[in-house]
Structures are given as structure tokens and as C-alpha cells.
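You will see subunit A twice below: alongside subunit B first, and alongside subunit C after that.
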Partner chain A sequence: MVKPNSKVIVVTSGKGGVGKTTTSAALGAELANRGYKTVVVDFDIGLRNLDLIMGCERRVIFDFVNVIQKDANLAQALIRDKRSENLYILPASQTRDKDALTREGVEEILTELRKEFDFIVCDSPAGIERGALMALYFADEAVVVTNPEVSSVRDSDRIIGVLNSRTRHAEQGHEIKKHLLLTRYSPSRVQRGEMLSVEDVQEILAIPLLGIIPESPAVLNASNQGVPVTFGAVSDAKRAYQDAVARLLGEVVEDTSQKGWKSMLLGGLRLFSRSAV
Partner chain B sequence: MNIIRKLLGGLIPQRKSAKMARERLQIVVSHQRNDGGDVDFLPRLRHELLTVLCKYVKVDKDQVNVQLQRMDNCSVLELNITLPAPTKSSLSELDEVKAI
Partner chain C sequence: MSRHASLPTDTTLMFQLKGGLYPLTALQLLGNDLPVFERQLTIKIEQAPKFFNNAPVVIDLQKLHQPSTLIDFKKLIEILLHKKLIPVGIKGGLPEQQAAAALAGLPTLQEGTKETQKTEAAAELPPAALSIPPAEIAGKKPVDSLSSNSRIIKDPIRSGQQIYARGGDLIVLAPVSHGAELLADGNIHIYGPLRGRALAGVSGDPNAHIFCQSLEAELISIAGQYKISEDIDPALWRLPVDISLDAGRLHIRPL
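Let's turn to the complex of A and B:
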């Protein structure tokens, strides 16, 4: 039996290096913290990294492609996180290429996972080719990870177009829920007029905001140790990811990180009005 | 002149780069949406067309064909809908319309 509330969430961006894997790990870990049985699936065939970010790289025996090609069953390939009994990962293959993914194979695995898990977080590869299209096709919701930077915003706009047309829900005439997650945000640079503000990005992309993850040393610290940010020590980034998960679950959260940029924004506005006079 | 400009440069505020980023993005994104827009709305358009058509006639799901062709400076939206063979009642309705 498929869990009735089971949700497939794709973490995607178009552009590489904006924080998809960090985000997938952080969201997955926080959902598990909150008691939801969660699996994070690495769709980046050939360039797997989720295992490294989640600190289970030495425990990978079978992978996604092995399961698709029936060399192993799903239970053999799933790795349970040592820190949470609710968290699992399905690693990508390191050796095959992205063509090893078939739509039928992916569907079969996701259907199996829906029987066991409340949340299936799909970590998409960069680009808009096969691997990325596979990762998003069966999604119920999408988290669009964006940096406040021109190439990332443009690519996010592209991927939003793809999400509107090339998912199963889109083919059935429905729109999937899309969330904007702004990462590597630096309020002080925004205030100085050196970085696109959250309002700028929202105005261009026109999808609801899930959260703002500040540029933070905690992110590299966490990846160095193979610990998802939300399993790590208290930090601004951890707090921001926790707030994002709360919103993903439909809670209304007044963001503390937003307080920072709101007051700075007000400061900026005051400066602006002064110079206007 | 250059020296004066350099000296003044510190006093005249530079154009903020974030503002430039926003303006460039607005242009690039609007172009992007026009170029790639065709694929974006077609599945939904097809679905909505079907919903409306079904209110009036019995159409088969596979009998609605939506295509967008782009040429140099114009686009052609082609809708191909095969209606079922007319029944007697619909024929008589047609006659009534003609009579009016």
C-alpha cells in the first residue's frame, strides 16, 4: 500500500554548485528529525556526492542503477543514516552514465518508496538533460535552489518552465507546487547594492519563497564532516533550513534570518529616501 | 582629465551592480519565456481545451492535437480536433440553426 500522504519532492536548480545536494541532505535530515520517515535519492548518476555530504560514502554497496537493472533489490541499496532511524539514502551509481535511468525503472522505485516513506527527496543533477528530467518527472513538489546571482536566477527560470511542462502532473494538466529557496544570501552585500535582494529574485521568478539560507561557514563545516547542516551544531544556516522545512510542512514561520534582512532592508530604504531628497 | 575623473570617482556614487543585475535579468528572462514559452503551456492548453470541448461534444482524448510552429517572425498555433460522426439529433439541430 502506498502511503496516502507520501510526497515526492525534487530539489532542482538548473545551474550547478548552488547547493542542491546540501539542501537535499539538510531538508531530508530535518524532516527525519521531525519524525517523518524520509529517503533522499541521488539522481546524479556518474557524479554521486550525496553519500559524501551525508557521511555514508563508505557504506555504499549497491546503488540506484543496480536496483533499476535488478542486480539488487531496494532494501539492499538503501542506507540507513546512523544518526536517525527515520532517514535513509539511495545512492547514485558512480560508474554508469545517466542513460541507465529509465522512466519505467524510476517509476517502479518511487512507487516502492512511496509504500515506506512519508517524504522522498530527489536530489537532481545540474542541467536540464535526462538525469534532471528524470528527477523531476514524478515530483509532487519542487524546491528551486537559487543563488542571488544572474546565471543562477536565469537557470532557475528555465527550470521553472520545465517544471511547468515536463512533469507527470503537468502532462495531466495540473501544476506542481514550486518553492524558491535562496541560498548563499548575504544581507550586508544586498544592503550595499552588490547583490540581488530576495525581493528582486522573487519578482523575477514569481514563485513563493520557502526560505533564505545565509552564506555561512557552517555549510562547509558540515560538508567537511559529512553531517547534514540540520544535524550539525547550532548555526544561522541550520536555523534557516529548519524554518524552510517548517514552511514546507505548511507552518507559518516568522523567519529570524528574515528579521536580519528586513531591518537591513529598512535601513537601506532609509538611506535611499535620504539620497532621493 | 583622467586624474580628475579618478579623484571624482570616489565622490560620485557608482552605479549599483545589483540594480544592473536585476535589469539584465528582466530582459533575458522575458526573452527566454518568449522563446521557450511554447512548450510551457501546451500540455495545459490541451487539457483545458478538452475540458471545454467535452461540455459541448463528445470528443476522444486522442482526437485533440495541439501544435505550435515557429517561423522567423511569427508563430502558428494549430489545433486539430476531430469531432465524432454527427448523430441524427445533432443534424436536426443544425437544420434548425440554418432555418433561423
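Let's turn to the complex of A and C:
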């Protein structure tokens, strides 16, 4: 039986290099932390990265394409995370290309996964071609990862248009829920006018804000060490991803990321008192 | 049980004749070099493939540079059909041209406005060309068909999306993003910022307007006259404006 509350969430952006895979890993890990059985699926066939970011690259034996082509079954291809018993990953194939993905094959795998998992996080490749279309077609919700700069915003806008028209839900006349996740956000650079502000981005994209992930060395460290940000040491980015997951689950969370620079402007005292604790 | 079922089948009407005004794209033929025409048409269609997909068109001869040119209508029809445009008739032209068109199967259409009805009597046409029911020539008010062909869009129009209001106004109640394209035979109203392209009067109506609440457009055009963002007076940027054609030039007026 398919789990009744099972949700397929696509993490997408149009543009490459904005943090889709980092986000997929961080959201997946935090959902698992909260006790939800979660699988992160790498749709970037041919440019496999998710396994590196999640630190399980040496444990990949079978992959997504092997399962589609019935060379292996799903249980053989799923890798369980060593840090959480609730977290699994389905790695992409490095040797094949996106043409190996068929809609029927993807549907079959996702239906299988829905029987086991509460959340299925689909890490989309960049672009708006086959791989990206396959990753989003069966989605129930979408997280649109955007950097605060014009080309990323425009590509996100394009992908939102695609989400509105080329998902299964859209074909049946329903809109899927879309969430904006701003990544690599630097309040000081916004202050200097080097970056778009949250308000600028929201005005253009006009979808609800899931969270703002600050530009942070913690993110780079996490990627290099193969540890999802939300499994790593306490950091501003970890906190921001935790808040994003809370909002994804429908909780109301106060926005702290923006307070950063406001409190810096309004009174250094608060910052001092916080760091003294 | 129903009244319908109790009637003998012969008295059940299979058709009715009704007048109607339908919007059509006019293809204004300017010259008669058909190979060049075909190349240029191909380029035009590549720019907006969906816009032209199986669209019915009227071949308008009124703008021919050499009005008396003899036109190979058979070849012209062939080119148009090949490009997925469906020629449904011609407009204007000399009696010889109209006769040649009729031979090729294209009737001559009367224009729907009152002035042309007065000046161009139906009697001038070869009877075979009269495919329009009289009710249509008598004409309903154009307003009826315009209003019924208006499109109202409530959601933001995203980069890469193209929306066309055929034969009417396009009304958008949300932002229009960079890289989005709006087309309308009539006016375009945007109750939000216009950041993409807006082309009003695309079938040649010089009286069309574009209204928007914040002018941030990549391109604006009315009846083929266009301006790109660089050409727009910076003083008007981000203002609510009314754009119209004034003596053949685009005029932007702050609201």
C-alpha cells in the first residue's frame, strides 16, 4: 500500500550551481532527523553528485538506471545513511545519460517508494530538458532554489512556469505547491547593492518563501566532508535549513535570517549578549 | 420521455444559418516575389511557432507595392498551407485579382466595418465569391465579438510563456516576467508590472493600446511599431502608463 501522506518533493532551479543538491541533502537529512522516513533521489543521470554530498559515494553498487532497466531491484539500489536509520538515497548512474529515464520507469520507482517513505526528495538536474522534466513530473510540491542574482531569478521564473504546466498534477488541472528557497544570501552584500534583496526576488517570483539560507562556510565544509548541513555542527546555515523544513511541514517559524543585519544595525548589544551566552 | 425523442427525426434541425464576426489574422501581401516571401515567412514563424499553428489567415492585397501585380494564388496557397497557415480568403485587390483568387478557391471577404460596407457593394463581387452569409455582412456590433474574445489571466506570466488573445483584449491581473510574451489583436491591460514583451494590435489594429501599472518592459509594440527598453524614456520607467500609436509612432503617456 502507498503511504497515504507520502509526498514527492522536487528540488529544482533551472540554473545550475545554485545549491539544489546541497539543499536536497539538507532537507532530506532534517526530515529524517524529525523522524520521517525519507529518501533522496538523484535525477542527475550522468553527473552523479548527491552521493558525494551525502558521503556515501563508496557504497554505490546499483543505481536509478539499473532499477529502471530491471538489472537490480529497488532494495538493492537504495543506500541507507549511516547517520540516520530514516534516511536513504537512490543514486544516479554516472555512466548513462538522461535518455535512460522513461516516464513509466520513473513512475514505477516513485510508486514503489511511496509505499515505504514519508518523503521522497527528488534532486533535479539543472536545465529544463528531459532529466529536469522527469524529476518534476510526478512532484506533489516543489522547492525552487534561487540565488539572489538576476540570471538565477529568471531561470527560477522559467521553471515555475514549467511546474505550472508540465507536472502530472498540472495536467489534471491542479497547481502544485511551490516554495521559494533563497540560498547563498548575504545581507551585507544586499546592503551594498551587490545582490538582490529577498523582497526583490519575491516580487518577481511571487511564490511563498520557504527560507533564506545564508552564504556560509558551513555549507562548503559540509559538501566537502560529505555531511548534509543539517547533520553537521551548529551553524547559521543549519539553523536556516531546519527552519525551512519546519515551514515545509506547515509550522509557523519566525524569520531570523533577516534579523541578522537588522539587529546589527539597530543594536550591537543584542549580538554581544547572544555571543556571551 | 423528452419532447426531443417524441419528434420524428426529419423535423429535428441539423443546421442553422447564423451570422457572426470572427477575428482573423490578415497577411498583408506587400510584394509578389513568392520565394522571398516564403523565406521571410519561415523566419517569422520560427519566432513564434505556436502563434501561427494552423491559424486561418486572410490575404490582404490592399498594401501591395504594385497594386496591379498578377499573383500566383495556387502557389501562394501551397506555401501558406505548407507553413501551417490556412488561407480562407482575400481582401481588397482588383477585380482581376479577385477573379484569379476565386479560381484558386479563395473568396473575397468584405471588411466588417460600416464604412467599407458602404463603399464596397456586394454586387462588385463575383457571386461565387460570396461565401459569407448576409447576416454577417449586415454585421453585429464588433464590440460583441471583441468582448467575447478577451482573455483574462490571473496568474503571473513566467519567463518563456507566451499568451495570445486572438481577436480581443488581453487582461492580466498579475506581473509579467522578463522573457514572457503577451500578444493581442486588441488592447493589452496589465494590472501589475510589465517586465517582458507586450505586442498589441498584432493583426494590424493601430488603435490598440497597452496599459500597465509599472513600465519595465523589454519590448512594447502596437501594430508592428515597436520600442525596446533602451529606447524607452528613463523618466517613464516604472510608471503606470498608457501606450498608443500617435501618427504612426509609439506614444507613452504616464497615467
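The criterion applied here is as follows: the second predicted complex is superposed on the first by the 260 of 277 C-alpha atoms of A that agree within 3 Å, B and C clash if a C-alpha of one lies under 4 Å from a C-alpha of the other, contacts with A are read in each partner's own complex, and residues count from 1 in each chain.
We take it that contacts are C-beta pairs under 8 Å (C-beta built on N, C-alpha and C of every residue); 3 or more make two chains touch, one makes a residue touch a chain.
Because the structure is a prediction, the values reported are computed rather than measured.
Applying the stated clash criterion after superposition on subunit A shows that subunit B and subunit C collide.
In the superposed model, A:158 makes contact with both subunit B and subunit C. In the superposition on chain A, A:204 makes contact with both subunit B and subunit C. Of the two partners, subunit B and subunit C, it is B that touches more residues of subunit A.
In the superposition on chain A, A:129 makes contact with neither subunit B nor subunit C.
Using the contact criterion defined above for the overlaid structures, shared-chain residue A:99 touches neither subunit B nor subunit C, since it reaches no partner. Contacts of A:71 after superposition: neither subunit B nor subunit C is touched. In the superposition on chain A, the residues of subunit A touched by subunit B in one structure and by subunit C in the other are 154, 157-158, 161, 164, 204. On subunit A, the positions that touch subunit C within their shared complex are 154-155, 157-158, 160-162, 164, 203-204, 206.
Subunit B meets subunit A in the complex at residues 16-19, 21-22, 24-26, 28-29, 32-33, 36-37, 39-44, 46-48.
On subunit A, the positions that touch subunit B within their shared complex are 149-150, 153-154, 157-158, 161, 164-166, 170-173, 175, 190, 193-197, 200, 204. Touching subunit A in their complex are the following residues of subunit C: 155-156, 158-161, 174-175, 177-179, 195.
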